[in-house]
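What follows is a group of structures, each given as structure tokens.
Okay, so chain A shows up in both of these, paired with chain B first and chain C after.
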Partner chain A sequence: MSSEIFVWPFNLGLYFILIYSVVRSTVWFRNLSRPDKLRLQRGFFGIPFMQSIKEIFMESLLHRRIFKKNFVLGYMHMSLAFGWFLLIVFGTIEADFFGEKHLNPPSHAIFFRAFNPDHGAVGLARAYTHLMDFLLAFILSGLLLAVIKRFIPSMMGMKKTTKHTWSDRTALLSLWLIFPSRLLAESFTCGTYGSGGFLTGNLGAALASFLPAAEIAPWFWWLYSLALGTFFFLLPVTRYFHIPIELLLIFMRNSGITTGDKSSSYTEVQTHACSSCGVCIGVCQMSYAAGINDIQSAYFIKGLRSDRDIAAITANCLMCGRCEEACPVGIELGPMRLIERRQGERPDTAKRFLERYSLTGRRSTIERESTQSYGYLVREEAESADVLFFAGCMTHLTPSVISAMKKIMESAGVRYRFMDEQGGVCCGRPLMLAGRDREARELINHNSDIIWKSGARILVTSCPICYKIFRESYYLEARVMHHSEFINLLIEEGSLRLGYLHRKVVYHDPCELGRGSGIYEEPRAVISYVAELQAVPEEGTMSLCCGGSLGNLTLSSGKRALIAADAARSLTMSSPDELITACPLCKKTFGQATGTRVSDIAELVAAALPKPVKKSRGRPARVTTKSLNHG
Partner chain B sequence: MKGASKHVIVAGGGVAGMEAAGSLAEMGYRVTLIEKGQDPGGHLLQWHALFPDRRPAEEVRGYLRKRLNHENISVITSTVVEKIRHHGHDVIVNLSGGTEERADAVIVATGFDLFDAHRKEEYGYGIYDNVITAAELEEMFSMGKVAKADGTLPSRVGFVHCVGSRDEKVSNNHCSKVCCVTAVKQAIEVRKMLPACEVFCFYMDMRMYGPYYEELYRESQEVHNINYIRGKVSEASVNISNRLVIKVEDTLAGRPLKMEVDLMVLMVGMEMSKQGAGLAVASGLETGVNRFLETGDHHYGNNVSRMKGVFYAGTCTAPMNITDTISHARAAVTETVRYLNGR
Partner chain C sequence: MSVRQANRFGFGINQSRQINYDTSDRKVRDYVTLREPSFRLCFACGGCSATCTAGEHISFNLRRMITLIRRGEIDLLRDEVTRCMLCGKCMLVCPRGVNTRNVVAMTAEAIRKLDRNEL
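Take a look at the complex of A and B:
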């Protein structure tokens, strides 16, 4: 029987995908930076390896994260992945234990029934056959859900699902065919020989009662082998490539490799580890609030994979980070998009191909031209201060936030200097979000100089956009604090005396402060101290974007307004007296989108100050006039 | 008289409503004018002088009052029209206070609201003392004194054009048409009142579309030395001496500019009135993307609604100056009479 040629489609496919995976992994490994190579090597022989094995078991086989989000979807993934895994493991044991000899080629386990048609009539072998039938039934139940999901996504609690390419469709069809054809092949064989477990045995007997089982069986064994072979061959060009690649991703991530700011093997691995599950589409506000359905991370990654020009997709994103938070594979979608923005336009594939193999060996991406220069910036003399307050460009557009901060700091007796009172220079984050790192660096150097010279111990900013870049891309001695953290510190220190406002308020987490910088608790502590804070539907890590994001320079005002209105509706569902945020941009955006009063956290706290500070004609009481006479 | 038995309700007692009521009454129709304020007159009540010739606003107010003083007109004040509906051939309007009025036709003349300058927080209206709107400056003219909040005289005044007009960020893409020439007029008046005071206008375009507007603009530069800087003001703040600091890009010189002023005047634009918008929603009248009432045809049906017997007059359809508002109101009367005669 070992000369049966029907196993060859399977064999070829299997050997192809194994060799392909090894070669691809080797290339990726070679292209890793030296530190990342070391990380990976160290990771393979230490605790990270065990972590990875555990994570693979929990996520790639059991799909714990998907289970948490959606039980039926989790069951579907688990039955297919874990069921198939067990079928292979137990099939290999079966072939090894009950077969003619030990250490069989893989095909012997996969096609065990074809080679041992009358096996499993009595005793332990019979019990084992029942087990194998049970596993097959387990997988088939998952497959049934998968078919339902494809045609009626809403039945599985899916809002949106990704569109398939032709290769995806063919691979999907072959994947769907694998298990039903195995069922029928085994059943017809068992029907012929009167063997089999509760599923294949009974179904086989029933089919054999009116069909020529012996003649039909080989056809289904062929179909089974072809389906497997086709699936393996197509794997590298389909979304299903994520199945093997995710394992590699888990190893790399647990070894401590991160996306960084340049395209690398790791970004490529992440690109291929995306399963196009569509979770990112479901959580994207641009999709459900503004009706834009072609720019979500799944499509962005698909574009990266297919090497198309995706500049428009790359640019059209709020960079709010909700999809990254929701991604079941844990792909670093924000950094991936930023890398692509930095690269600028991609030449089309044909041009890239020519360039890659041409003798001149030009780079395949167009280098961004950089003509901007900030030579005209005036270097200001820095005055020393304990606390340096940097309002930021956006806060200058909401002067009420500035005056509230002044009142608060004066009331607490803070010796501070207002760094950009007479107008300052941008922090650089908007340029960075647009992929213009070099220009951003010039601004960073300019501001760093002022901050260093001031000798301040604390740098306070009212803008989460500035806050994020101060923390991440500035090299500073001063402790960087968002004003919500700073006010919280003042309250904890006891230097701020505040009354209690009898107002019901809700809090909106700004993207750059919450997901971007992990500041969730301090603003809530401050608000709860002065008012009654109510819960909102989506908060914390899954809080909504206001729609005003600087991360997107292509979105129209109309679409932004739709996103803002939708987010405002969700936030004000409990009809609060006030909507509190901690970002001047969110404040401005929501101000146009809702009838509810929108305030910054600083304004709320300033309203709770015991008695209004005597109107001082704009002259802050505790700031030395010396420090302000400049400019 | 032929029309004596016919009754027309005019919703809104501003320039358009008063002119329409006057014309209809003159032709023998019975008119009921519904005014939300205590007196008819609308925004014109707050105005001191009018462009382009700076004639006293009182002259036009007087003309309109005389129009309204007719036996066929009854005026109901402190009342708004909440809903318009049909009942057979009649049009029924629901008034605030729960009463109903029956009419043969209705002219909607609910006018405009001035843009609420608080919505452009970056200009500091309501936050800094010396940021005022064009309407507030006009009141200062009526009082005969232009001064800062502390009572002292300003030595430099800045006019900020297009506040709430042509501004996507506040969802107003439309041009309010009259603010440019109003700024020119007010700038001249400031200079005449305070000869030592410098005046700057910050503009995107100078839209001098009406007769004698361009002449006024030229005069303001040649005779009154008013400075025009092309660039939209991005933000305002106060400095240590409590002067306002305006940040603007001088787009002709191609460089950023910071300027200190004592008084900043926001040329607030026109928006669909809240009351008119409420009426439109309640009655099913169509509004356009600019939120003003959508007329039957932009060219030859600009007074016609899509509801039988309901006509539009004045700035409830689009921003316009007083001249155009009066013409538009007369045209609405023509359409109304044509409808009533043909019924």
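Take a look at the complex of A and C:
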């Protein structure tokens, strides 16, 4: 081929995207907080670096997590990512090895066949040509699956795929065009010169037999170059920007950077690392149980990226955390949504426009004004106690849980004080979930004051919602325990004598306790101790939300009921005698959604207490003395 | 006899508190109803107020708040709405399925906008 002009669309695109990525990464790095900068620097010259390289290979190229989820979907991603990667690597080697000079520009490797049309006739070069053909066929097989997936998602095990913006569509089209145009360009060239491997050689020979291959070939080389160039130019404004940015995200995450509670470079990087793959849509209960299909994390992130007003999307989420568990990229979706909820109104359009097209691209908002104030709360004189029991607002709506806890603690001889027996103050978590951190802080201070003054060493709560905020946002000396953990401790210490109930039960992990706080084992240990625990379809990290979540301010009660009914159906599939949960809110929600008896774990344990319950006040508090040593 | 004249004689007469629904300020009510349609469903049973966490510490009453919204008594509403802790107990006891937490959140938002003349 005499003229080399056709490589320029590719060259321009490649240099543009390289420069853009470097500049953007530099700006992000500059905007990181000082500790995060240090983390990243340290992570770059240590063990985290090797971990990142391994993770990039396993996830960004092989797509192991998607493979685990669905083989065909995994194969599709792997063939496109790993296949393209190998094609570039082997293409570069080929150009370097067989080309006329070493250290060629990238275009020589990409358009190798155009510059060396008669290459690969004999020996090693011929075998190598077959290898390159095999890689191209490998990618094309993945591309075929991708095309099928776009039109028939269910064939790839996906309930839904994301809806695309126009820029995404154009980029997708150019991405789809890249490999077929390469195939045809190589085939026509090979057909003209009688070279090529098993794919391009045979196809080329067949095409050249009835078409003027020599005249057509340049057109497809142009198409190939244009498709690549267009793809590179569109990359920063489309979802495909995740390809370079995910690498950065993996380095940052392995260096120990976390989302935190403020918008930062890291949230920006996470926003761009989302590939809009749609896995979050498939696992969202609001999608498949309640038919709400426009608020899922993929759309949330997409809204962030294109700087739209997404207040409605942000608010309408149960915050159950299933999408975060399922996300193949590992984006911290829950914290990101909370950050967005904390924001007040958006600045005016002109300012946003400037910010959007500046290099930092930081999404800015006006700080939210305080709407609530609790100056009316009176600080009480707290009684001292070793164990403090905080039932929580929701537990007051399920008095049976409170009386069960009282029975259990009395039976075990625990000296406790009931902190909110006369009705306490909310823990602050609901406010925090609504993005009102400043107001929540007032309640946190009030409750902390009571807990500190009581001198308690253990704080037991019956509500996972309170449990999570006690552990994460309160500064306490007391060890915070959910009642399932506390009962487990009592059993392990031998303070609690229990019978065995001949009941088949299933356990539902409450979102805030399981995914929210990582407590999976203790409740199961307690239940297995007193009854027969059966497995349910989706449990542990992928357990279902009951639908009653306080994380959602706007979801209507009708939609909540749909989610509850669907979750209850899945949980009671094995027709257990009882559905056990560890959250008063889940208990209330499931109670209306299923005919199966719904009990709290405390009620189950209380039923297994030997009757009649021995009043044992005044016995030494064995639990406190022992547990303190390792608390 | 006017109120001031009556007071001079040592009689305390309350200001007339008749509500004219035709002239009352409907902005907050319309704002809340548009964004939280279940607001219409409330039939003032008072279950929310009986269970309220904040109500145990101070005179806060969601039922009264809803009445104030409907009557357009914004001045009384302004303080009332700041007291809620959004704990969600009222939502669970509500027999009509009113999304009470969002009613409170939307009312607070409406009043803030009203004070800035954006409503």
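The rule we apply is simple: the second predicted complex is superposed on the first by the 590 of 631 C-alpha atoms of A that agree within 3 Å, B and C clash if a C-alpha of one lies under 4 Å from a C-alpha of the other, contacts with A are read in each partner's own complex, and residues count from 1 in each chain.
Rule of thumb we're sticking to: contacts are C-beta pairs under 8 Å (C-beta built on N, C-alpha and C of every residue); 3 or more make two chains touch, one makes a residue touch a chain.
What you are looking at is a predicted structure, and each value in this text was computed from that prediction instead of being measured.
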item: Which of chain B and chain C A:214 touches, first, second, both or neither; value: neither
item: Partner chain(s) touched by A:400 [first = chain B, second = chain C, both, neither]; value: first
item: Partner chain in contact with A:554 - chain B first, chain C second, else both or neither; value: second
item: First, second, both or neither for A:423, with chain B first and chain C second; value: both
item: Which superposed partner A:585 touches (first chain B, second chain C, both, neither); value: second
item: Partner contacting more residues of chain A (chain B vs chain C); value: C
item: Which of chain B and chain C A:12 touches, first, second, both or neither; value: neither
item: Common ground on chain A, meaning residues reached by chain C in one complex and by chain B in the other; value: 396-397, 422-423, 557, 588
item: Residues of chain B that touch chain A when the two form their complex; value: 119, 121-122, 124, 127-128, 168-171, 234-240, 242, 245, 247, 258
item: Parts of chain C lying in touch with chain A, wherever the complex brings them together; value: 36, 38, 51, 53-54, 56-58, 81-89, 91-94, 97-99, 101-102, 105, 108-109, 112
item: Touching residues on chain A, where the partner in the complex is chain B; value: 396-400, 402-403, 421-423, 557, 561, 588, 591-592, 617-619, 625, 628-629
item: Interface residues, chain A side, partner chain C - complex; value: 369, 371-374, 376-378, 393-394, 396-397, 422-426, 430-431, 434, 436, 443, 548, 550, 553-558, 585, 588
